[in-house]
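The first chain written gets the first letter, and so on, giving A, B, C and D; residue counts start at 1 in each chain.
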Amino acid sequence: MSLIVILKPGSTDETIDRVCGRIRELGLAPHIARGDLRTVIGAFGDEAVLKQDKLEQIDGVESVTPITKPYKLASRDFHAADTVIEVRNVKIGGSHAAIIAGPCAIESRDLLFEVAGWVKKAGAAILRGGAFKPRTSPYAFQGMGFDGLKLLREAGDEFDMPVITEVIDSRDVSRVADYTDILQVGARNMQNYHLLMEVGRTDKPVFLKRGLSATVQELLMSAEYVMSEGNHRVILCERGIRTFETSTRFTLDIAAVPVLRRECHLPVYVDPSHAAGKRDFVADLARAGLAAGAHGVIVEVHTNPDKALCDGPQALLPVEFTTLMQQLQHIATVCGKSLS
Amino acid sequence: MSLIVILKPGSTDETIDRVCGRIRELGLAPHIARGDLRTVIGAFGDEAVLKQDKLEQIDGVESVTPITKPYKLASRDFHAADTVIEVRNVKIGGSHAAIIAGPCAIESRDLLFEVAGWVKKAGAAILRGGAFKPRTSPYAFQGMGFDGLKLLREAGDEFDMPVITEVIDSRDVSRVADYTDILQVGARNMQNYHLLMEVGRTDKPVFLKRGLSATVQELLMSAEYVMSEGNHRVILCERGIRTFETSTRFTLDIAAVPVLRRECHLPVYVDPSHAAGKRDFVADLARAGLAAGAHGVIVEVHTNPDKALCDGPQALLPVEFTTLMQQLQHIATVCGKSLS
Amino acid sequence: MSLIVILKPGSTDETIDRVCGRIRELGLAPHIARGDLRTVIGAFGDEAVLKQDKLEQIDGVESVTPITKPYKLASRDFHAADTVIEVRNVKIGGSHAAIIAGPCAIESRDLLFEVAGWVKKAGAAILRGGAFKPRTSPYAFQGMGFDGLKLLREAGDEFDMPVITEVIDSRDVSRVADYTDILQVGARNMQNYHLLMEVGRTDKPVFLKRGLSATVQELLMSAEYVMSEGNHRVILCERGIRTFETSTRFTLDIAAVPVLRRECHLPVYVDPSHAAGKRDFVADLARAGLAAGAHGVIVEVHTNPDKALCDGPQALLPVEFTTLMQQLQHIATVCGKSLS
Amino acid sequence: MSLIVILKPGSTDETIDRVCGRIRELGLAPHIARGDLRTVIGAFGDEAVLKQDKLEQIDGVESVTPITKPYKLASRDFHAADTVIEVRNVKIGGSHAAIIAGPCAIESRDLLFEVAGWVKKAGAAILRGGAFKPRTSPYAFQGMGFDGLKLLREAGDEFDMPVITEVIDSRDVSRVADYTDILQVGARNMQNYHLLMEVGRTDKPVFLKRGLSATVQELLMSAEYVMSEGNHRVILCERGIRTFETSTRFTLDIAAVPVLRRECHLPVYVDPSHAAGKRDFVADLARAGLAAGAHGVIVEVHTNPDKALCDGPQALLPVEFTTLMQQLQHIATVCGKSLS
């Protein structure tokens, strides 16, 4: 168990020091998370002391919440209502769903703008595109890097869509944040804790993908790493886990959607493209994701998948994506959500 | 590779002998599957011989199909169109979806009839109820046996619903088939090949659940065991696989639905109750199943789950099931299916 | 929790009835297990009643043991010392290790006798050979059946080795038991509870293989099914579980050996052949099995693996097996065991 | 397929440029790996061109090897003999085995020196100790950082043992390399490709742990990332994978040892402590690891595990470690290795 001490808005350094001092006097360890609006301090330590709950009376403290789950800030115990994240007028979370689409990798200006035009027209709200690609082989295409990022920013501005891209190195976080609206942390980096802490120090929403072999609880603990640095705008994404089944690239753990939604207040997405690994099954998994209660899906679309430099076999063609969008619209309604 | 030789309808024993004789002359091994309407003979053996394809001219042979997949009769190569199974006026397969619901175990006449009334009213097409329960512990409730089966038959007749129940012992197959409309083979028996062969010799549709650690291909091979005995009316069911994730009882492999639908012509179901193991997530998984293209879901419903003798925590309350049925109706429509 | 009531040796039916009657009077359910030497009665029910522990004074009762684990008779709480099973002068368990070897399937008298001669000479204690082969495909070789069994019995007698073979159908148990010294239940039948109960009613030791996706606890629960029918001579076998790794056929869960040895008193084996699926790795896994504390390994050996009708790629050549036996001798010594 | 072009020792930049130029002229992409002794250039591209194999005649080229495996420099095709890595007089690889032991985390000077004294006396060759601990929870002890590293260096010098420690941030690599003899990359960072590239640019041996859900092939691809930067001194470590089994913390994939040894020339280790997660099973798994052909094990030892700041339950007591070392000595001999 631990206590989450929420300070009143606009609390000064002096208040923070005072509360932390009091926490230490009680023999507990304070953990400070300075958010945009308010500062939150976790108090960890001896259960008997925590139960006495003497922190509420301290001047400057708004409330004190005991939390038994290992994830604190991510827990519904800490924040009961759904978190809604707004990014350039697109809302994500609660009753707001939004579809993210685009090419796996940014390969060229032409391709990116062509795909962006298609997905915008079909109804996608956010544009995706990878500039830094973590590849299993050191000899495979590793992405266009910052040149690609500039193109993504251009395309987002041109088509009036927020953009999302992956950051894979803690040294690059602030530079990548200059170009993108949402920072993606990929599955292979879900437990790269220094990277999580770096994105937690930015003011950009973080799209956090579940690791291939991470439990739902570990995903929430990774979200907690980001949030404990002060950035509470985290979006969780189920993208398939490693199992014995080989007919798809990974096994989409569709139940993770309702489990995450019950346990935590953050928006939850599904990535049907990486889970399936094969175009034929992407639309089915996307519909399933929304039907299970997700706030959106992130889908790879390519106009010429056979020539794609990365993950072509799992990219939808624009016409397939357009049909899918119509079905997703209906399913969102059945599930009480509206698509941005 | 192997050849599937389909005989003309009404072929006599003499024809079958003649075709098998010819197959043996070619150095191949024949495998006879006598179906209700026609007999199918598989010819297995040396690829070079198979390629000569001399069997089509034999008198009595309607067609010869080469099949490279390890599953033959279950394959789309053998039967391109969706198989539609009709049982007491309920259609399953193709554009026909049907919901199966009822208690996990038959516990008493009162409970069974009460639940049957609820699920019928809510729109379920088929009534489920277990009389023989395979339990992990030898000391747990093992089901009411044949007394339970009689109650299930009564309830089916009373509420005008076909019934489905599990058979777990090859010695019981014909007796169980006397009472039920659909024979279920459970996950733990998916590779109990003698049981598969026994149900393959009945004229009742077989509802075959995927084993906890079976691949999609192994599920199809088990269907092949049933079909190779002459019973082509098999329904496949994804019910969750064993993975490292523990927040649900099993991990529903939702992608198995489109994979199975692409590979084979048989109807495909999803069991959200056993996959989730927790009531809270059952409706979400049921919606996801239908959205992914399933022909139906099999759901456990109980009026007093806390007192259930088996799997109470995963049973929906009647009111929850009623709400779910309304959502499923909409999702079936989005996916081009109509609910019986 | 439950109580295990052990009756004094030579207890009469009258005594058993009296004890069961008393158990029922207390509101508990009795479960009778008649062993060769003594009868054991489990008392299951309300924890409060169980704690009163009034059963010890009943005439004819030797002792009463409360057991909290879900497995009772298999538990170290019930039987603290290692169980040693003796079959035709070969001892298995405790400080006694014994190697089982032979062909996967019995294919012919010649092959069986040739392999038996080799493995006997190399130091194997027990001869294996499959007569009923559970195969994924209905079109694959299914074994020689009872004709094969007779050959196995002959070979065992000729080379003075106890024999082990798999039984896959509950209808065949007593007939198979007429020929074999040890009854094997395969991985795919580990939760075929009726089969477990049938072998539990014989007087032959049961070699129980862990299912592909069974937990260690479920393996113990399956042993409990056998033991609760009165047959306490069960040998457990780890043979690889299903995981995402594909470089071997299954993933040998080597840690299951010490886990099983701590939890239960039964002998523990390892099957390196099915786990590896490839000859190259069999000897390494066999050595690892013994080093981890197993009482033996069961290894497939074939004189002409390329022509084997079943699982040829995983069979050791006689010369490889001979080298392995020498290494196993040393490792057994390091681990405080002697090879029969 | 690709070609591995090995240059003669002492090749100049001019030679490298010339070979790369020729590779590009053929329409292939060159990949330069400058090693200590010689430079290796990979040529990737069109298979037809690669088959012409015109590179061997170029001046300065020693040999050209075509490699079909996705891992090249790590493959036995590239380097047939076992690689032996020497670090401060301790040899690892081939017929040389060496045990690594020490506390999970460096907690204090006293503890570290106490444990180091014990493990040295028992026969361990290399001292381990974590200064940067990747923890699931942001609120858990994260290690002593560089202060801890200095203590580790001191202890290594005092007891004349090479030391190994984990590096988790690409920004820290060169600073950590100043203190340690071997750089460890942990399981959670196995696919942190930028970190792999950084350690690949140092001259310290890299101890690379398999990811929780990484296949053996992916582990080799990660080794390839390190090697393709010029550092060919990589040690691979199996430390347990994620499966459904929960009786141990992870499932030690013991078969990975012989698989890795067949596929690649690098030394292979086993980590029984993290795999087991429980002290009771560590010695069994350590013996199994060496028996399966590993070049060593890495074991956590603590004098007061109940008070350990990290992973206490899996640490061996010094007396247990001493007994284990004696058994490992014997098993190494059985497997044709000598312990440093």
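Note that in this section a residue touches a chain if its C-beta (ideal position, glycine included) is under 8 Å from a C-beta of that chain, and two chains touch if they have at least 3 such contacts.
All figures in this text were calculated on a predicted structure; none of them were measured in a lab.
Trainee: What's the farthest chain from chain B if centres are computed as the mean of the Cα atoms?
Mentor: D
Trainee: Between A-C and A-D, which chain pair is linked by more C-beta pairs in contact?
Mentor: Of the two interfaces, A-C and A-D, more C-beta pairs touch across A-D.
Trainee: How many angstrom lie between the CA centroids of chain A and chain D, rounded to a whole number?
Mentor: 32
Trainee: Could you please state the distance in Å, as a whole number, between where the Cα atoms of chain C are centred and where those of chain D are centred?
Mentor: Taking the mean C-alpha position of each chain, the two centres sit 38 Å apart.
Trainee: So how far apart, in whole Å, are chain A and chain C when each is placed at the average of its C-alpha atoms?
Mentor: 49
Trainee: Among the residues of chain B, which are close enough to touch at least two other chains?
Mentor: Answer for chain B, listing residues that touch two or more other chains: 213, 241-244, 246.
Trainee: Looking at the complex, which residues from chain A come into contact with chain C?
Mentor: Residue list for chain A touching chain C: 242-244, 246.
Trainee: Could you pull out which chain B residues touch chain C in their complex?
Mentor: Residues of chain B touching chain C: 2, 31, 42, 44, 70, 72, 134-139, 168-171, 188-189, 191-194, 197, 211-213, 218, 221, 224-225, 228, 241-242.
Trainee: For the complex, give me every residue of chain B touching chain A.
Mentor: Touching chain A from chain B are residues 213, 215-217, 241, 243-248, 251-259, 262, 275-276, 280-281, 284-285, 287-293, 327, 330-331, 334-335.
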